[in-house]
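There are two complexes below, and they share chain A, which is joined by chain B in the first and by chain C in the second.
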Partner chain A sequence: MNPLVAPELLWALLIAALLVTLGMLGTLVVQRSSRRARERRRRELDGRLRRLVLEATIADDDELPALLDRMRALDRGEHAHIGRTVFMMLQDVTGEAADRLRAVAAAVGLAPLVLDAARHRSAVRRADAAEALGRLAPEGALELLLELADDREPEVRTVAVRALGSFEDPIAVDAVTRALATESGVPSTVAATALLQQGSAASERVRQALRDPDAGIRRGAARVAGLLQVPGAGEELVRLVQDEHESVRLAAMRSLERLPVRDALGPLVEQALAGGTRGEAAARTIAAMPSAWRGEALRALDRAEPGVRRAAGLPRREALA
Partner chain B sequence: MSWLHDALEAIFAVLAWPSAVYFIVANTSMLVLILVASRHFARYLRRSEHRGEDAMAGSPVSLGVTVIVPAYNEGAVILTSVRSMLDLRYPDHEVIVVNDGSADETMQLLKQEFALVEDDRDLPGRIPVRGRLRGVWRAPEGAVPLVVVDKENSGRSDSVNAALDLASKELVVMVDADSILEPDALLSVSKPFADDPDRVVATGGVVRIVNNSRVLGGRIVELRMPKQLITRIQVVEYLRAFLLGRTAWSDLNALILISGAFGMFRRDVLVELGGLDPDSIGEDFELVMRIQRWIRDGHRDARVRFVAEPVSWTEAPSTLKVLARQRRRWHRGLWEVLWKFRGMLLHPRYGRVGMLALPYYWLFELLAPLIELVGIVIVVLGLLVGAVDPVAALLLLLVSYGYGTIVTLAAVVVEEASFHRYERWRDLAAVLWAVLAESLGYRQLTAIWRIQGWWAALTGRKQVWGEMTRTGFAGASASGSSGPGQAERGD
Partner chain C sequence: MSGRILVVDDDRDIRDLVAIKLESAGHDVVTRADGAQALEAGMEGGWDVIVLDVMMPGMSGIDVLRALRDRGVETPVILLTARGQEKDIEAGFAAGADHYVTKPFSPRALLARVTAALG
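Let's look at the complex of A and B:
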């Protein structure tokens, strides 16, 4: 008989496997039990403290100090829970209610923690701090966020740039615009979204950015110019329809859908007849132009490829079989 | 029978250690993948405070997404499915449904519900489509554009190609009509494109099993483990292979398989590659392999990513017959794709895909059922003719399957520490029972089916698709007694 492998070794392996299995089962039970206990505790705190936070957001001015005093008197665990609640609520709240939430955050001592975390050696903690600085906006937040927007870690820079979207200061606008650069390490959509959040405060800088030598900055600026309805951007966008970079051309065409300029029709027809993705984008932009302008341009697209004709909303040449 | 006895003894002498080494390496490889995935999850979850998906959800500069929904005889689920696709949280998406020559009321239901009008715009014709188009329709109202393509039956891949031809957004995501997407699924699965728009060309989201969960209006309101044991075991399989395995391969930049039930791609790349291969059984696998070859052959700095958080929920087979058909099809698809791309195997030009992922798939996915079954047959024969010590043989089997069970248990521990989707204690108990039961007959059965699928491919037998039946999600729960069609497309 062939024993294959020494039975003693197999027994030892089997016992080891059983022990590991038991260890894992124990881990599972401990993990689940402790998570459930944490959730219970969180629910219990939520039941008591969320109401207090909500009261603070709607209280009259003379009632607020008393409410904040009540919160200050709570213990550390309760402060942490209020901090988390405020942090989450600030995601969906603006205006006076947001200011009240920030006052609550200050009362439970959240701001100093966030300011400290902004200089933590862990990139994750710095990124978390950047997020919190954007929402809580404590004193000194802008300066810290500008620092974090130049952090060595792209992850931190990204969160900082997104957070800078809540600040309308020209320095913040400039930092966000610079983050549009090709080599910034910050996703273009993040920086462009932050510029949109800054709104009209960013308009002039966006108009200048349309002439920036960096293609990434031109692309981002072109993308938001139409959405922000930047005054005087139309002519620049027409020029960018023939930019040397395809992505800039596409962004300019999309913006012209919202910021129509009659002079754009010539270059757009040219792009549309070239076909492909660029042609389809140009055709969509032509179709979005005021009906009084676009007739001749649409007729010119009669000889364009079918995908372009479809994007322009032109009917099929032949019926389906 | 002494010759058989001697022959088996000789075989044991030669094969015993290589087989043991094979089992150890196979399970250890999976364990390593689980560890890589758990490290990824830890990093991912630590960043939950500042991922910024909400900022993206409201941003008009996000990349547009076309959701492609191929539908064949989906009358039971189509309206719920389309409504849930239209309601997905995303700033700029459109939905294109392709009615693939359904024999049921799929098309009529869509026309009535969305008051469809004929879309007489030109057809791009960028991608060849085999099935004759009967018409293109669009919903005249609604914040999210809806286009419905009505065509003669030509299969899922061809239907996806028909929709791809009409897609107008930068990204396309393919979703099965019987799948349920979580509301934020598009936001999560498109995030790698937003974070790294110049390099990411494809992403895959995780597919999980919905059987027995409570579903209302196309949304899961209560997640429960399936009732049937074979479906429960599939939950564990999906967890180990799809969630953890693919996360790890993605982390290693060697992801070669994205589920057809939930994959997102850059549209221009798909158009350049000619869309899905309508002749391929493993069309999703084939597509990702083509993308990987396109990346490496063109020396492109591009990535295929897997995202563990967005979830597409799908019904899994709940009968042995349906499961058997699914596994035969999967293994046949696996063989055909691996064979088609055999030139990439161990070719340094293809980097980790050629040197790591493909050898793994050949050795531990394609050959695994063959080696396992041969091993079992030899051990049983050896026991019958007395060529092997019964105690030692039993111990060897216990150790081999025991190690596999530990690896699967490790996957459950990682899931519990990360996403912990099944909250009830009884569900955890059901998962643990499924982990144990997987080795007690299920693995061996699936090994047989997989060999059958492989054999069918080698002998050139035609793939039989089987009848499709749907329970639908409109009711209180998805019972899981569905037919083969959607289950086969689970991956």
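Let's look at the complex of A and C:
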């Protein structure tokens, strides 16, 4: 009987399979060993360098230069390790400690690496660079972040806009405000949070944005205006209670709860009587107005639908009867 | 005025940073890395102030604080809360917190809080 496959071929296949298996096992062993070696090296670096970084973080002005000199004298691997530590810590600290960490980052040469990565062809590297630019704020960071806020990839734009929240320069505020636009590709909550982080530096631009032709910008600005208590925004918010877009109207109403304006009561009653979601939102805003103003408006809600009356805190009609 | 401070945070960098800052001001600092350890240490007593991170795996800072207050521990507690987690602040005060500091935080501002809590 003739075998289906020649014995020589079977042997060759067996040996090939054995070699492949051995090769895979060998690769696995090498990978594991190198990972263990890396972890050992990281632990060893951590043991030697972490204390130095922590000391620099809380150092007095006259102590810092000597600590930075010690760090400059370290090798490349040690610099990279310090860079990672600094980057992580900057997530949780502010003020003087953050300034110290930035000085450490500069001393170990982290800034040039981050600046280079901002123009890397990989979107992931550009996004990482955007985050690092926000935290480290090296010289030139703002200009690069403005570029990244217009990146072709929406994920990169999103990270860049979030990072711009740390900058109070008017040009940074403007870029963040523009990211509120409907078609920006940046989630509006990210841009709004960045504006809140910019705080009073964003006030004037937010007030202007309440008149922007883009509904997304008007909506975001309307929401932020109340949270930031933007001076002079009240009149614009009253106008936006009757905006053509419902989302803008709702945002304006929520802000008017925090920034009450008496002239808003008329438009709010009109919206409340229209009923539905906006009616309920208007009723809540009316109920949040100072008690000396809202009496007449609440009486006007007598003829509103039950959900609106409930939102205004009014008793049910049956209960009144 | 120096005191004996218990610092609890699962993030080693933050825990050690707070410890080193407080030690530099002359305080005696002991650190713990999770809620269960924090409760055990808190129950041992002898603390002038406890600095307690809210967001920890397992037993949260609020859980620890509530358990300490239930057992009659009245040591001043400063909570470390994440920005934007206002509910944690409300829950913290309801559980008996004395102060809170929002992350990201300034170690200098935290030291000022600790000093104020020491009276």
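Just so we're on the same page, the second predicted complex is superposed on the first by the 259 of 321 C-alpha atoms of A that agree within 3 Å, B and C clash if a C-alpha of one lies under 4 Å from a C-alpha of the other, contacts with A are read in each partner's own complex, and residues count from 1 in each chain.
Note that in this section a residue touches a chain if its C-beta (ideal position, glycine included) is under 8 Å from a C-beta of that chain, and two chains touch if they have at least 3 such contacts.
Computed from a prediction, not measured in an experiment: that's the story for all the values here.
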Which chain, chain B or chain C, ends up touching more residues of chain A in the combined arrangement? B
Between chain B (first) and chain C (second), which, if any, makes contact with A:54: first, second, both or neither? second
Under the stated touch criterion, which partner chain does A:189 make contact with: chain B (first), chain C (second), both, or neither? first
Taking the superposition as given, does A:76 touch the first partner, chain B, the second, chain C, both, or neither? neither
Determine, under the contact definition given at the top, whether A:31 touches first (chain B), second (chain C), both, or neither. first
Regarding the shared-chain residue A:43, is it in contact with chain B (first), chain C (second), both, or neither? neither
Regarding the shared-chain residue A:91, is it in contact with chain B (first), chain C (second), both, or neither? both
Between chain B (first) and chain C (second), which does A:223 come into contact with in this model arrangement: first, second, both, or neither? first
For chain A, which residues lie in the overlap of the chain B contacts and the chain C contacts? 91, 193
Which of the residues in chain C come into contact with chain A in the complex? 11, 13-14, 16-17, 20-21, 24, 84, 103-109
Mind pulling up the chain A residues that touch chain B in the complex? 1-5, 7, 10-11, 13-14, 17-18, 20-21, 24-25, 27-28, 31-32, 35, 91, 124, 127-128, 130-131, 155, 158-159, 162, 165, 187-190, 192-193, 196, 223-224, 227, 277, 280, 284, 305-307, 309-311, 313-317, 320-321
Applying the document's contact rule, which stretches of chain B touch chain A when the two form their complex? 9, 12-13, 16-17, 20, 46-47, 49-50, 52, 54-56, 59-63, 120-126, 132-136, 166, 168, 194-197, 268, 382, 386-389, 391-393, 395-396, 398-399, 402-403, 405-406, 409-410, 412-413, 416-417, 420, 425, 428, 432
Give every residue of chain A touching chain C within the complex, in rising order. 50, 54-55, 57-58, 85, 88-98, 193
